[in-house]
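One chain, chain A, links the two complexes that follow: it is found with chain B in the first and with chain C in the second.
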Partner chain A sequence: MRDLTIYLGHYGLAFALVSTIWATIASVLSASTSRPALQRSAERALIAAASLCTVAAFCLIAGYLANDFRLDVVYGYSNTSQALPYKIGALWGSQAGSLLLWVVILGVMGWVMVATNRHRNRALMPWATAVVAVIMAFFLYLLNFIEPPFAMSDAFRPDGVGLNPQLKNYWMMIHPPTLYMGYVAFTIPFAFGVAALITRRTGDLWFRTTRRWTLMAWFFLGTGVLLGSYWAYIELGWGGYWAWDPVENASLMPWLTGTAFLHSVMIQEKKGMLKVWNVLLVMLTFCLSIFGTFLTRSGIISSVHSFTTSGIGPAFGWFLILLFVGSLVLLIVRLPDLRSEGRLESVMSRESTFLFNNLVLVGIAVTVLLLTTFPMISEAVTGRKVTMGPPIFNLVNIPWALALLTLTGIGPLIAWRKTSRGNLSRNFRWPVIIGMLGLAFSVIVERAAFGRAAREIGGAIASADVYLVFDELKGFYPALTYAIGIFVVATVVQEYLRGLRVRRKRYDETPWTALRAMIMANQRRYGGYIVHVGMVLVFIGIAASSAHQQEIRRELEIGEALAIEDYLMRYDSLHLEVVDDHIGAVAEVTLFDRNDGTLIGSLHSSQRFHPNMQIPELREAFLTVRALGEAGSDRYQEGVHALYSLIAELEQRVRREVKTPSTEVGIYRTLSPLAGTRIAEDFYVIPLWVDPGSGRASFRVFVNPLVNFLWLGGLVFILGAIVTVLPDAREKKRLEAAMELEDRAVA
Partner chain B sequence: MTVMEMRKIKFVVIGAGVFLSLAFLIMVGMNRPGGMAYYMTVTEYLAEGATESDFRVNGKVVEGSIERFTSGQDVRFTMTDGVSVMTVSYHGIIPDTFVDRADVVVQGSMSDQNEFDAHKLLAKCPSKYEVSDEYTTPEDYEPEVLAPEAVDVSQLQP
Partner chain C sequence: MRWPRGLAIGVVLLLIGLTSAQTPEIDTHFQEASETILCDCGCHPQSVDACSCGRAAEMRGEMREMAGGGMTGDEIIEHYVELNGDQIRIAPVATGFNLIPWLLPLVLLLGSGSILIVVIRKMQRRTVATPSGPQQEVLALPDEDDPYMKRLRDAVKDAE
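After this line comes the complex of A and B, so read on.
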């Protein structure tokens, strides 16, 4: 039975590859010979490939569930004591498994694409099918020839190695699939973009018909980025959430260009302009998505040399080059078909602000790309390893991010084409007044940092020391961020109120019905505004928590306390446990208000050792003690201590570490709006080391002010994005109109 | 000059401004402390023979060489670039990712005892999402040739 699933999966992937190759050939033939039957066959082949890939993924999951350690990926990323969700999650822990997940998601999306376009877009579909099939074929080539997920070994394997402890986290279960959904979904708009260029149907149709695909991709990618930073925050234990790590940057770049695309298509819809730019953006976004997968999976980050030996690295590199160059050549060949129908009339127009927003978004994406790839280029060309620290990313990106936030407020208030003076003063009066009041308030809140920067920036400029100037500028950023944020929120509130007033004049509705009806009548606009508010909250959370984070390290005996900011933390107890797949030392602490001594709450954090289950002696001892614990035996604690001694003794004997340490962060969140200055603040504890014998422990403690604005902003972003992606009657009508126009033009 | 041309120029100037300022910021950032930094390999560092200043050295932890002290914040280990080895002692926060064969970057200087005295220790897996293949692929599991007893550390140091 076990062998059956392995063979099914293994040969399923081989047949899937054949199917995608046929889908490519048949759809291209159908386009060039206009034989619809061939296209139907191609679509069926695509569906067959998708089904086969899905079956293969389930077969691999079955291997994980059955602890079939003959399979290399099961042996490498799972073991018998791994909890069930992590056995399934181990699927995307391995290289082969994550490539399989990629192709399954693409296959299912291809299936949906075929199903929803059965009776429409018949001219674009052959080429769109071909593009999806080629990309699937590439991933299936990797899975069949370079990184086979069903590779087996006859070696004696009593237990598996297990998943990296840092990945055993609830958020890690949903973060990679979410991110992959985002990466993969950009394939469909890209496929239609390419199809539009090849067939020279370069009107609105290709992006209107993939509008929801684009929004969905952008939504999943954005959510994936947020989940990734949330995971880093609660798991990695360095008190922050974003380190400009290449893997993080890889997911941010396509999101930035995708955001630019969402805005710039509106100009093409309204004015028939920026056609080249839009096609270029969708190509860039898709290539960055593939590049993101390439960065995370090819091993190029650790070293250019490990990349060339990794097998999938060079193949991926060539595929990426082929995609990018191929897209560019196609775009250049079709330039005459992409002539603009309008022109920019004024710098003070909606289209201009969108254009600037595009420039800044793409500029930031290109900067991040340059800084992320520079170490790789340096190593390849000069053989020297370099690092790009977070300071350089912050220095470059913060000023531009603030400019972008300002444009978020300005854009919606400026009219299309050209804005008159009267229009300007009418639209901007209240938001600017509120923004100025916000600035005054922010400067008062941030008076210490702002005042110092204001006093010293003059001297820094006079000394002509550029670094000093940028160091001083940092003092202004938090207050500026809050003020611009308040301005943006004011613009959104004004837009909502105006819309409501217009509606309520026309219809007799309760405010609530009016609000709902207004949003549903123009989801993209009002959902987009919600996203803007979400981004404001994200910006405020980032600005405050990075400017005012406090940190302390202390060694404490049980019963001792430390003080930081307004908190007093008492170390109450340490208890040892053996659960799941680790030995844990859990430290309990209680928080008090330092000023009046009132109790705030209690939290725990722990230091874990994951023993190496490959060593039979250790494995047996571990399982015995765990069983003692489950049975409630009074010799349990004694057993845990013995296990600690065994590890120490074993390490002496085998002369290597027999455990993988991991740290569980303890976080106390203040979410009540009545918490005064502690509002939205996190108290964040990590034990650096513990002595299981005496209970003495060393703690690293952070206080992160307003950091929960970041996560709250993330939730608001998700809400707004969902509003924009819901079925939209108005957009449907527009799409139908565009299709009719297209058909007439062709006829 | 027509109005249209004037407008065009305005847009070009603004667009060029965006990209030039980004380029300027990158230039400033690259030369700034904490921005771009070079790593040396162990061999390069030992060849340099530098003792006084602060260097960043990149290498891998030799398997079995980690000696953790009871303070929990002190550790001594041997690192290698595959050619040379050197002993490193470090005091401070030891990251979870610091394990046998991890990729590490140490920052510090050579002490009188011919030990690298590190005040900074970075350890990382090639990706946050995956343990280095070297720990997990079965073929690689057995210890490598670079066991500490196989290399005479004292002879390799300057």
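After this line comes the complex of A and C, so read on.
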């Protein structure tokens, strides 16, 4: 049975490759010979490939569940003591498995694309099918010839190595698939964009058809980025959530260009302008998605996420170049078809603010790309390697981010086409007044940092020390972020109130009915505003938690306490355990209010050692002690201590680590709005090391003010994005109108 | 020989003063170095100060020892750069070729913003084109000289 699943998966991938090659050939032939039967055959081939890839993925999962260590990926990323969810999650822990997941998602999306366009878009479909099939074929080539997931070995393998301990986290189980959904979904708008260029049908049909795909891709990518940040926050134990790791950057860049596209495409919808720019943005977004996977999987820039390296780098590199250059050449050839059908009437128009918004979003993406790849550029040009750590990313990107936040507020207040002075003053009056009051309040709150920056910035500029200038500017940013954030929220509230007032006057509705009807009548607009509020909360969370994070490191005996900010933390006990696949030292602490001594709560954090199960002596000892624990034996604790001693002894003997350490963070979260200054604050603790004998431990403790605004903002972002993605009757009508136009043009 | 009591107290106070004056200085040098030097554990790019791994703890110990031994923050940083090259710094020093990542984004922001204003003004003057592809039908945009639109605009202006 085991062999059957392996052969089924292996040959399934081979046949899937053949199917995608046929789908490519048939769809291209169909387009050039106008034979619909060939296109039907291509679509069926694409569906067959999707089915075969899905079957192959299930076969691989079956291998994980059956602990079939003959398979290299199962041996490398699972073991007998790995919990069931992580056995399934190990699918995307390995290089080959993650490529398989990519191609399965793409196959399913290709299937949906075919199913939803069975009776429409017949002029674009052959080329769109061909593009999807080519991309699938590339991934299947990798899976068949470079990274085969069903590669086996005859070596004796009683147990596997296991998944990297940092990946054994609930959020890590949903973060990669979510991110991949985002990356892969951008393939469909890209495919239709290319099809529109090839067929010279450069009207608005291609982007109206793929609008929901784009929104979905943007939603999943954004959610994936948020989930990844949350995983980093609760798992990596450094008190932060974004380290500007190359792979984090790779997920951010397509999201930024995708966001730019979602805004700029509205100008094409309304005025038939920016056609070149929109096609370019779709191409750029898709290429950046592939670039993200390339960075993650090629190991080209060392990173925490590049757990594996392999020979797929060159193949990916060439494919990326081919995609980008090919798309660009096609775009240049089709430039005459992409002339604007309208013109800008005023600088003071919504169109202009969207152009600035695009400039800033793409600018941030380019900046992140430059900084991410600068170590390679520097090595190539000067022969010296440099490191681009978080400080430079933070300092260089903040001015861009503040410009973006400001535009988020300005955009909705300016009318399409042209805004009169009267309109400007009417629309901006209250948001600006509230923003200015917000600025005054923020400067008072941040007076120390703001005042210091104001005093020192002149001297820093005079010294011509670039780093110093950036460092001093840092003092202005928190206050500016709060003030601009308040301004943006004021604009959104004003827009909602105005809409509600008009609606209630016209239809005599209750506020709740009017609100619901108003949002459903223009989901994109009002959903977009909710997203804007979400982004404000994210920005405030980042600004406050970065500027005011407090940290302390202290060694404590059991019963001792440390003080930080308004907290007093007492170290109560250390509990040793052997569970699942690790040995854990769980530290229990109690929190008190430092000022009045009242009890706040208790929490625990732990340091874990994941023993190397390839060492028979260690494996046997580990399993024995775990069994003692499960049986409730009196000798359990004695056994755990013996296990710690064995690890120390083995490490001395073999002169290398025989365990992989990881930490479980303890977080006390203050979410109550009545919590005063502690609102949305986290008390965050991890044990850096513990002495299992005496119980002495070294703790690293952070107080992260307002950090929960970041996660709350993420939830608001998700809510707003869902509103924009929901079925939209108006949008459906527009799409039908565009299709009718297309049909008439074809006729 | 017995020291006068006042002198003894004075010496003790002086010693305490010197020690407490030295400790913040050591802390400053240690902090400067640990925030500038990259933890070489091979995980994500984090400074020695930020990283939570065991290697970072070791490096912090080394740095504190160096600072305690009288080395300044710059000297400690130079020591690590000599051993490991420039890549041991968490970010490149903003000089020479390395000015590019520091300044180019800001230049891009200001430069592209100015260029965009010029482009928008140009776009305002541009005449409307007809696409040459097969999809010839365009959304009919009202002409500037359309008398109806002119009347409508005047009416809106009056209303404002």
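FYI, the second predicted complex is superposed on the first by the 722 of 747 C-alpha atoms of A that agree within 3 Å, B and C clash if a C-alpha of one lies under 4 Å from a C-alpha of the other, contacts with A are read in each partner's own complex, and residues count from 1 in each chain.
Criterion: contacts are C-beta pairs under 8 Å (C-beta built on N, C-alpha and C of every residue); 3 or more make two chains touch, one makes a residue touch a chain.
No experiment lies behind these values; they were computed from the predicted model shown.
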{"item": "Simultaneous placement of chain C and chain B on chain A, clash or fit", "value": "clash"}
{"item": "First (chain B), second (chain C), both or neither touched by A:G272", "value": "second"}
{"item": "Contacts of A:G240 with chain B and chain C, given as first, second, both or neither", "value": "second"}
{"item": "Touched partner set for A:T660, first chain B, second chain C, both or neither", "value": "first"}
{"item": "Contacts of A:T387 with chain B and chain C, given as first, second, both or neither", "value": "both"}
{"item": "Which superposed partner A:H119 touches (first chain B, second chain C, both, neither)", "value": "neither"}
{"item": "Partner chain in contact with A:R157 - chain B first, chain C second, else both or neither", "value": "first"}
{"item": "Which of chain B and chain C A:G203 touches, first, second, both or neither", "value": "second"}
{"item": "Partner chain in contact with A:V690 - chain B first, chain C second, else both or neither", "value": "first"}
{"item": "Partner chain in contact with A:V466 - chain B first, chain C second, else both or neither", "value": "both"}
{"item": "Where chain B runs into chain C (options 27-35, 63-71, 81-89 or 135-143)", "value": "27-35"}
{"item": "Intersection of chain A interface sets (partners chain B, chain C)", "value": "236-237, 245, 302-303, 343-347, 352, 355-356, 359-360, 363, 366-367, 370-371, 374, 384-392, 396, 399-400, 466-467, 470, 661, 663, 688-689, 698, 700"}
{"item": "Residues of chain C that touch chain A when the two form their complex", "value": "38, 42-47, 50-54, 57, 85-94, 97-106, 108-109, 112-113, 116-117, 119-121, 123-139, 141, 157, 160"}
{"item": "Residue ranges of chain A in contact with chain C within the complex", "value": "199-203, 205, 236-240, 243-245, 271-273, 302-304, 336-347, 352, 355-356, 359-360, 363, 366-367, 370-371, 374-375, 378, 381-382, 384-392, 396-397, 399-400, 403, 420, 422-423, 465-467, 470, 661, 663, 686, 688-689, 698, 700, 741-742, 744-746"}
{"item": "In the complex, chain A residues that touch chain B", "value": "72, 75-77, 93-95, 98, 153, 155, 157, 161, 163-167, 176, 232, 236-237, 245, 247, 296, 299, 301-303, 306, 343-347, 352, 355-356, 359-360, 363-364, 366-367, 370-371, 374, 384-393, 395-396, 399-400, 466-467, 470, 553, 614, 654-657, 660-663, 688-691, 698, 700"}
{"item": "Of chain B, residues touching chain A in the complex", "value": "4, 7, 10-11, 14-15, 18-19, 21-22, 25-26, 28-30, 32-39, 41, 56, 58, 63-64, 66, 70-73, 93-94, 96-97, 99-100, 103, 105, 124-133, 135-138, 141, 143, 147-148"}
